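Two complexes are shown next, each including subunit A; its partner changes from subunit B in the first to subunit C in the second.
After this line comes the complex of A and B, so read on.
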């Protein structure tokens, strides 16, 4: 199958994930839908176009790993895992309810397919770096993908991991940055600027590619490409709240939740 | 003097046995790797590095990444021993220890080196006396503080075989062998160093032999002091604590803060279940400049100081 033949499936899954994630947030009146929507096309591309995995064998040693470092975007992660077959759809309705396995931030002991517990920012990239080192040590063929938010790049632990990954030339590691340019309360550049992010990762020893983070073809081309000789950094330019007119590029939708009318409006737009 | 302390032979730096044991284990199991923050020398891992150069992962001076990378290595099927000075592996990387290791439940062995006040004159930044209090609420993290070379080797072997997160609190301060007959390493169980019924001295790590010395002094005064090597702090040996409370007086001794560590745990448990006088020997907070020996004597971590604490506890005994 040609890589681009996967695009219709990725688009279909991404649409289902947006609608489903927003329904979860609406029901729970809790969540981080803005960041869910900026990341969903990236997750859909990974799970339905790039990664090797078997939902029946979540502990398969040679599986490709996806680490969701922006752990607050559980609407994106849980719908991706559900769509990928890791657990039944009716579990989604329990999102953030008492004793639900679908905690506000992911827990690997609760659900199959979660590689590590995240939530506090700046944790996923070092863990993914360790997974990649383990793969190198064992001569395993798996690849490791980690998605961070862009505001999350302000955490120093990322740059510790970047030094290690660059130094060790972890070519089996791909860092994806969800570059929606908004953090919780304001723009990244007015808070503590990240640009030039590409030059920074280039200087740390990464192969850097900038793509449209909502274009499955562009994402597939870079994420599906065979590893080179260095770790890869994909700066995915995205829109927070992508797909719903009143949410796009509005920082307050970081953890805003919809009322009934807003939910109905979003469902009309997400088709 | 009937100095019945079960000490003899020479004192040893337990880091030597830590690394020789780790090398034996690594020889037999290719999954065992060491992760350090430029702490190859202070962790005594030079020979490990020579024998297993690929399996010594030096991340540089980057403790948060070091602990996170440990979690990732465990995800990838390795058994990482993440080794760094106790003050940094806990304090600097505490959220990684909490979220990436304990909460995620990865099979990672954290090794706090040069714990307590081993860095003496270097001061409070380098002392690791808060680690017990920081780590003890992480209920699934087994915390072990070996008291001598034999127990260090056993603890390292046990940690490698155990599936789950462990914190090994090691020291660079030489200690004597406890010379207990027919010893068996039982994690989660206090070890009886010396029987006694008037008061119980509960110690761990570098202070166990000092507590044994105190028991000898107390025996000279006709006081029968039980001495426990309480090497496992998590999970707490509740049975041993009920038995200790039955002696009517308890002294805790640790090379750590008296707030929230071994003394804190024992006081918490006895206050809730079997109130008895508890005297805590340890450090009250940030410490003045001084050598290890001076700090130990100044704060009563000595046979004399512990015996005096026992007399205070006995005075309060109903």
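After this line comes the complex of A and C, so read on.
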């Protein structure tokens, strides 16, 4: 199958993920919908266009690994895992309820398909670096993908990982940065600026590509390309709250939750 | 019962504007720690460091060295788990006047194990030079700002946010526990949100004929062991500690150490998280599930006295002291 043949499927899954994630947040009256929506096209592209995995065998040694470092965006992650077949759809309705396996932050002891617990930002990229080195040491063929927030890049642990990954030329590692330019309370550039992010990662020894993080074709081209000789950094330019007019680029939707009218309105727009 | 909305926000602002050497630091949890209004109105006294807690702790050490008294705002967990080494070397050892304001203590967050500060008391109280405070109501949240700022050294505070009940009408004073009831059967020791639970239980226990001596702790370090021992010596059946924390290393351990060192033999039941992580969920659900609520306290009293009280959930519902903490809605993340 030609790579671009996968695009309709990716779009269809992404739409379902947005609608479903928002319904989960609406029902629970808890969650992080802004960051869910900026990440969903990236996750849909990975799970339905790029990664090799088998939901029946979450521990399959040759699976490609995905680490969701921005662990607060569980609406995006849980809908992706569900769509990918890791667990039945009716589990989604339990999101954040007492005793649910779908916690506010992903827990690998609860759900198949989660490689490592995240939530405190700045963990995922170093863990992914360890996974990638393990693959190199073992001569294994799997690839490792990790998604961080852009605000998350302010945590120093990322730069320690970047140094190691660049130094060791971990070509089986792809770091994706959800560059929505907002963190929890404000813009990244007015808080503790990250630009020029491309030059920074280039200097750390990464192959850097900037893409439109909501364009499956562009994402597929860079994420699906065969590994080169260096670790890859994909700066995915995204919009926080993407897809719902009143949420786009509004910081308070980081962990804002919709009332009934807002939910109805969003469902009309997400078609 | 009066519920006060965002008591920290107003109290911090009122205090900080009078004290220019106080700086307000945030690591991207500005609105979550109720300092968004302060940021907007007093940008010159506000420093946002981005999401970078290790840097924030050492940076605060530097500010302290230069004579400022930084107030650090984040969820409790992020103030000690990641930046522990920075806390020790840059803040605690040099005795910097750094004020660590830890929001969402224990199970007051639904965020699950990564966000629940359940061993913070245990960690903080073992650090030499550290003072550890915990607010249990709106009045203590309001007065903890000035009180913490009197300390000549670092202070860690467990802070309550959002709608907080007002239980007390006098401010927090470091080292002064509150004696809320002077009964003779059982000694109950609480702090933070568990005090509200114990007050609920007390009403029903009194009707069942059990007389409770109730101490509310707001200063966890320095710990007034002598006073605890005196109170423990004056009850018939023993002591119960109830804490929003692991029972190891926290208030239960502190009381056990005090009794043992004084050679006072009293039975002790420690209620709280029992060597476990907690999963995500609403605060009332988690308190019930992990045995930290009023009914768990009643059952522990029955174990100590050997007598059933006949108290059930309904009896406690009748003395519920506020209707605001709904059973279904969790604290926002």
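Note that in this section the second predicted complex is superposed on the first by the 271 of 271 C-alpha atoms of A that agree within 3 Å, B and C clash if a C-alpha of one lies under 4 Å from a C-alpha of the other, contacts with A are read in each partner's own complex, and residues count from 1 in each chain.
We take it that a residue touches a chain if its C-beta (ideal position, glycine included) is under 8 Å from a C-beta of that chain, and two chains touch if they have at least 3 such contacts.
Everything quoted here is computed from the prediction, not taken from an experiment.
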Could you look at A:24 and tell me whether it touches subunit B, subunit C, both or neither (first, second, both, neither)?
-> neither
Look at A:117 in the shared chain and tell me whether it touches subunit B only, subunit C only, both, or neither; answer first, second, both or neither.
-> both
For A:244, select first, second, both or neither according to whether it touches subunit B, subunit C, the two together, or no partner.
-> neither
Could you tell me if A:135 is touching subunit B, subunit C, both of them or neither one (first, second, both, neither)?
-> first
Where does A:72 make contact in the superposed view: on subunit B (first), on subunit C (second), on both, or on neither?
-> second
Given the touch rule stated above, what does A:42 touch, subunit B (first), subunit C (second), both, or neither?
-> neither
Where does A:61 make contact in the superposed view: on subunit B (first), on subunit C (second), on both, or on neither?
-> first
Please work out whether A:154 is in contact with subunit B alone, subunit C alone, both, or neither, and reply first, second, both or neither.
-> second
Would you check which partner chain A:107 touches, where first means subunit B only, second means subunit C only, and both and neither mean what they say?
-> both
For subunit A, give the residues common to its interface with subunit B and its interface with subunit C.
-> 107, 117-120, 122, 156
What residues on subunit A touch subunit C, complex-wise?
-> 29-32, 71-72, 96-100, 103-105, 107, 117-122, 151-152, 154-156, 183-186, 188, 191-192, 255
If you look only at subunit A, which of its residues touch subunit B in the complex?
-> 61, 65, 107-109, 115-120, 122-123, 125-135, 137-138, 140, 156-157, 160-161, 163-164, 167
Touch list for subunit C against partner subunit A, complex | 26, 28-32, 36, 48-55, 77-78, 81-82, 110-115, 279-282, 285-286, 289, 329-330, 332-333
Which residues of subunit B touch subunit A in their complex?
-> 33, 54-55, 57, 59-60, 62, 64-65, 67-78, 80, 95-96, 99-100, 103-106
